[in-house]
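In what comes next, subunit A is part of two complexes: it sits with subunit B in the first one and with subunit C in the second one.
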Partner chain A sequence: MVQYPVHLDTTFAALSDGTRRGILERLGRERASISDLAARFGMTLTGIKKHVRILEDAKLVTTEKVGRVRTCSLGPRRLEDERVWIAKYQQMLEERYDRLDEFLRRTQQERTDS
Partner chain B sequence: MSAAVKDATRKATVTTPSDREIRIERVFDAPRDRVWQAFTDPKLVAQWWGRGNKLVIERLEVEKGGHWRFVEHGPEGVHGFEGRYREVTPTTRLVHTFEWDGMPAHVIIETVTFEDAGPGRTKVVNVSLFHTTEERDGMLQSGMEGGLNESYAALDRLLATMG
Partner chain C sequence: MVQYPVHLDTTFAALSDGTRRGILERLGRERASISDLAARFGMTLTGIKKHVRILEDAKLVTTEKVGRVRTCSLGPRRLEDERVWIAKYQQMLEERYDRLDEFLRRTQQERTDS
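== the complex of A and B ==
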């Protein structure tokens, strides 16, 4: 089975943070090392690593360690507004059906009562 | 049947038969003609489709080629959705296109089937078929900077307006 919506969830969660979106934007221009990113975002190495790990898990970023330097670049799964839209669409669909369920039960009750 | 089991069967089952489809299956406690009505009678649609938000049904022409257009007034904004009916088979099957004003021309095809699921119950299966945008993916990879910034702008808009 294709894990499409699961990917969407991971992507969406990874993008819910401003620093992580900033990292992607930065990597969209050029590759950067963890320490470059830490300096750029005024964060500790540990803090930046945490964000990079989340982006890496979502496959939005890949990293490569050469010697003592870990370089980050954009990963195989590119951010795309349509992907975000589909995630929202699926959520809407589920909420809509929750409402329908509620509505049908409520009106069924009213019909039984009357 | 215990209440817990009964509730579990009511929950939607979401699967992905292919990388272009999302399939949502759900059983409702209402007979098939009633569920059909809830999908096709504007007075009833207005009461659930907007997910609790005010919904204005601008058009709902349930016939082949007919146009539907709903406007949802949420706390963070107004969103229009529309499409056309490709197939209407009363009480069993609806096929229509679905577009959100915010992503014009990104057309989803929704196929909704209604099946009897025991006395007074109906199973609704919704299959949404998306168009993949491989050409766009290729474009994004070659012109990453511009593409990304546009995507972020779209993401920010989505996050801001759709909560």
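== the complex of A and C ==
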């Protein structure tokens, strides 16, 4: 049913943490430095850096260091393949329920007819 | 912007593996035993059981043991909260690009006017 882009493993794993989802939402509004993010999420610089590294590996975030400040912004991936995977999965479920409905309707009809 | 249902951590983590996504697609078509799944994915029973346990913990799969056969079917969760999180995130990105477009258009206009 669905192709398997290899990067779905990495992006879904990156999304499996509330702080990382929060960082994406924050960067969706505007760029932020590692220190900004650490203050915003009440974490150490080291803790935030680990999360940012995982988001970078998933190409959801890019970072740029100018002087001593590392600034984070959103990366090239926009979760489009992830959206499509979930949409196709839900569509498959819906078609399955439709078939079940049809089966139950026919069974009911046959009972009424007999 | 977005509420944080705690279970998003668990479901996104469950989706971060190609075999587990494959199991969901397979069960979306019909129920299957652990042995069916092991044969389908060329894995050991132990390997498949580990994946099924993670999907069960995420409430994406339920299992029922009758005699010696454990049958797997889809669980109560349908990835709706996950779909909504991604949709809201993409909507935020789109609005951000719209604002950027508007800013560039105005800047261009001001240059033309002056």
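FYI, the second predicted complex is superposed on the first by the 76 of 114 C-alpha atoms of A that agree within 3 Å, B and C clash if a C-alpha of one lies under 4 Å from a C-alpha of the other, contacts with A are read in each partner's own complex, and residues count from 1 in each chain.
Following the convention adopted for this analysis, a residue touches a chain if its C-beta (ideal position, glycine included) is under 8 Å from a C-beta of that chain, and two chains touch if they have at least 3 such contacts.
The structure displayed is predicted, hence computed values, not measured ones.
A.B. asks: Looking at A:64 after the superposition, I want to know if it touches subunit B, subunit C, both of them or none. Which is it: first, second, both, neither?
C.D. replies: neither
A.B. asks: Who does A:28 touch here: subunit B (first), subunit C (second), both, or neither?
C.D. replies: In the superposed model, A:28 contacts both subunit B and subunit C.
A.B. asks: Which partner does A:92 contact after superposing on A: first (subunit B), second (subunit C), both, neither?
C.D. replies: both
A.B. asks: Answer with first, second, both or neither: which of subunit B and subunit C does A:17 touch in the superposed model?
C.D. replies: In the superposed model, A:17 contacts subunit C only, not subunit B.
A.B. asks: If I apply the document's touch criterion, which positions on subunit A are contacted by subunit B in one structure and by subunit C in the other?
C.D. replies: 1-2, 4, 15-16, 21, 24-25, 28-29, 74, 78-80, 82, 85-86, 89-90, 92-93, 96
A.B. asks: Would you tell me which residues of subunit B are touching subunit A in their complex?
C.D. replies: 10, 12, 14-16, 18-19, 22, 24, 26, 28-30, 34-35, 38, 44, 47-52, 100, 102-103, 106, 108, 124, 126, 128, 130, 133, 136-137, 140-141, 144-145, 147-152, 154-155, 158-159, 162
A.B. asks: Where on subunit C is subunit A touching in the complex?
C.D. replies: Residues 1-2, 4, 6, 8-10, 12-13, 15-18, 21-22, 24-25, 28-29, 74, 78-80, 82-83, 85-87, 89-90, 92-93, 96 of subunit C touch subunit A in their complex.
A.B. asks: Can you list the residues on subunit A that touch subunit B in the complex?
C.D. replies: Those in contact with subunit B are residues 1-5, 15-16, 21, 24-25, 28-29, 74, 78-82, 84-86, 88-90, 92-105, 108.
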